[in-house]
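Take a look at the structures below.
Common to both upcoming complexes is subunit A, partnered first by subunit B, then by subunit C.
This part shows the complex of A and B:
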């Protein structure tokens, strides 16, 4: 913001000449970097395949249409598995996330020095690894199948749920806790009367939100052998059965739309 | 009945909230504690039920020394002290009944309280108290559906169901309109008289305090600078507690009420 005096007139500009020049220079610099990167990528791209892409896409598209509807009958079972992986995985995650959240929240942790860092470590480590990688690991450890997928989803969700929940715990109204403490209530009574009612809406919201995410994530777990509809997807991709692939994509889309509707309803009912 | 001896509290930040406060409250006496913000009124009340740990000094309720208590014995003494809060401090998402019954938490086991299986005599008492504070038809409402005055009456019922010997009341009227304030103060004083309870009432509103209580204690920077009957609270005394100001109205209003 600059105010210049021209004769008796006060002229206002957003920036002075120097600042304006700096902005233009940084734009130029940014554009140069973009061009250079583009050139690098271009050098390692086989452009023949890229120019060919529309034709290939049209080809696959024509093979994929119409979807093979009779294949649907074999999809119900893996779809049910996927739903189970998502739901049970979320339940499993919540069971483990609740104690960890209480350990991580500054106002409820038994010890800021020892317990809290441990809880935070659990949260960070489970969150930072993608469920597909967890599934790869678990398939190797406990063998392929629904169970591996369920555990993968469960572990992956602990950090997410615990983090949001402990933030909710830290934001509670402390006078309600004081009031319950003042009645002579025990530690656990203070927890169930003073804290739990305050975090219930957050808990419900987190559970539904995570279930919604987990349903999407569990559709791909089959790609690494961890059960569910992804297994069918991989099989169809490998055999170039494009009409089955398109059907599976339609089914996944439908499942996600349904879950979206269910979670919106449930959230509305709770809050 | 309640006796504070040389009670001091220094916060970790170095703030001296209370310095060597001596105070005795006999049974059945309602005492108002006045003083400017930051004088240590809330700290004093919270030291008594140990929501705040006193730095030094002693507190005795009846013949029990409170400052040295731990765990279960502390909880047993907390049951004898009902507390009423400025912002009501009800558990907003629980029903009125649950809030009132939470006053019995010190008496029932965890499992019973978790399952909401309170003894029938507690439930009878809860209904009696809700009737007394005129909230019987609100029993099943959630606390956040009530108005300020109604919430504070639930708060009073919660404190009384503890069957306390002492009430600790922290700014009970600060969030209420003038009429409701008077009603709440009247209710608290009536209840104390009925049950022969001692009470310490932190209060900002000097005029309101003077018209309801038998004794006023003035706190300034953690020290007691006035202790006497409402009528003894002159302009000079008010200046000592709060500092220089035109106090004529505060005193006159009281006379017009009387």
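This part shows the complex of A and C:
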């Protein structure tokens, strides 16, 4: 307990002077960094546009309202494409994530020295690059279209799925595996009867969770030409058709809400 | 029980299916198959284009072996600094806004109108896609890092205040009550009774969000909201794969370092 003496009066203090000083110093440091960052941003900002922003926002708003509902009929196909990108991308990711997760988990990896670091590298590098960048890359390589978006979503999701899956594999109950081993089962049999049933619920949960995220991400993949409803969004933005933009945003929002409801329901059914 | 066993004697054991009801199982299988057929038939793949592109792809893979940092070094450095600036500023503002909103969205210390308002803000922020928001803000505020900064600040609110509110809802009430019984004011109650309990988690989440914001700031450049994404986009447009590879490696490296640092901070705070 830190007590400060002030004219023979004992006053309780939360921290001593040194700790207090440290906290003030770190606040000062943080504030300095923030002020510097803000200065950098402010320097390259055209403030005239910012002061003009309310007028522009009101202008865009008035153009965007009401949404052009008749445009909806051309949106069903891109919406179907978006759904396909998200679903097939998730399937693709899971197909690749399972072997990588088994290679990355400490208790199932064939070699801790060679295979595990490779699997971890795959997990980190696919996870740290956003799906939009993957899409940009794949559009440059295999051309624009749904296929590029599908592969982009697939690659991006490998790291996420494999990471959660290998953590689930590392947390399994080992007595069950031992029981299967004791029957004389082969390595593969141990895997299918001892490990897989234990991680199945986690696997299903991860798949649904990622599908939900992927649907959100695939709505904007079209901005770089990788198919789906983002393509229509990009087209409408380029032609400044704000009433179509607002309709597309409403459709995207509805799709996100529906996907969240579906995934919540599916997760409830599994767990 | 024993008659059941008698029946099963002599039969080979087979694995119980994952979904017990056969009707549900087969309907699901058929639905999935139908969907897959429909989905695959609606995807048009231009295989000759893909085949042509594989050469590009191979060049890109090779570029990772010899990334070119030097020829566009100033662009990369400026982009990276801008990304870092956007990340730090937006995380700071995001945290500063998340704390009051998180307090308001915790149902054990908030009043109903404030609770509904704060939950509304959180839901809105989570429902809006960051890229879409960035596009709108670029249209309103013009090109540059300000739009990216505003986007990420707003996105941080949804993430951080939701988790903070959940954390406050789970605090140990006894400590807060003890502070209250000393006659503390509302602010003191918060400062001594609630805040110390959620601080470690808040710092951990903030570090995590810093990490996410950096990753996101790398993308925002694609829609004109500043940061290293703009540099990357230019590199792709010029088919300068070795520069693009260098930028990607820089992003991956930074993310790994940030993840490592946030891991250390979170471990120390525990």
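The rule is simple: the second predicted complex is superposed on the first by the 232 of 271 C-alpha atoms of A that agree within 3 Å, B and C clash if a C-alpha of one lies under 4 Å from a C-alpha of the other, contacts with A are read in each partner's own complex, and residues count from 1 in each chain.
Everything that follows uses one rule, which is that contacts are C-beta pairs under 8 Å (C-beta built on N, C-alpha and C of every residue); 3 or more make two chains touch, one makes a residue touch a chain.
None of these values were measured; they are calculated from a predicted model.
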{"item": "Partners on subunit A (subunit B, subunit C) - clash or fit", "value": "clash"}
{"item": "A:137 touches, of subunit B and subunit C: first, second, both or neither?", "value": "second"}
{"item": "First (subunit B), second (subunit C), both or neither touched by A:219", "value": "second"}
{"item": "First (subunit B), second (subunit C), both or neither touched by A:193", "value": "both"}
{"item": "Partner chain in contact with A:185 - subunit B first, subunit C second, else both or neither", "value": "first"}
{"item": "Comparison of subunit B and subunit C by subunit A residues contacted", "value": "C"}
{"item": "First (subunit B), second (subunit C), both or neither touched by A:268", "value": "neither"}
{"item": "Partner chain in contact with A:66 - subunit B first, subunit C second, else both or neither", "value": "neither"}
{"item": "Which superposed partner A:175 touches (first subunit B, second subunit C, both, neither)", "value": "first"}
{"item": "Contacts on subunit A seen with subunit B and repeated with subunit C across the two complexes", "value": "193, 200"}
{"item": "Subunit B-facing residues of subunit A, complex", "value": "173, 175-176, 178-186, 188-189, 192-194, 197-198, 200-201"}
{"item": "Sites on subunit B touched by subunit A in the complex", "value": "49, 51, 75-79, 81-83, 85, 87, 89-94, 98, 102-107, 110, 113-114, 155, 158, 162, 168"}
{"item": "Contacting residues of subunit A [partner subunit C, same complex]", "value": "14, 30, 33-34, 36-38, 40-42, 44-46, 49-50, 53, 56-57, 60, 80-81, 84, 87-88, 124-125, 128-130, 132-133, 136-137, 140-143, 145-147, 150, 193, 200, 216, 219-220, 223-224, 233, 237, 249, 252-253, 256-257"}
{"item": "Parts of subunit C lying in touch with subunit A, wherever the complex brings them together", "value": "15, 18, 35, 39-40, 42-46, 49-50, 53-54, 56-57, 60, 81-82, 84-86, 88-89, 92, 127, 129, 131-132, 135-136, 139-142, 144-146, 149, 192, 215-216, 218-219, 222-223, 226, 229, 232-233, 236, 239, 244, 248, 251-252, 255-256, 259"}
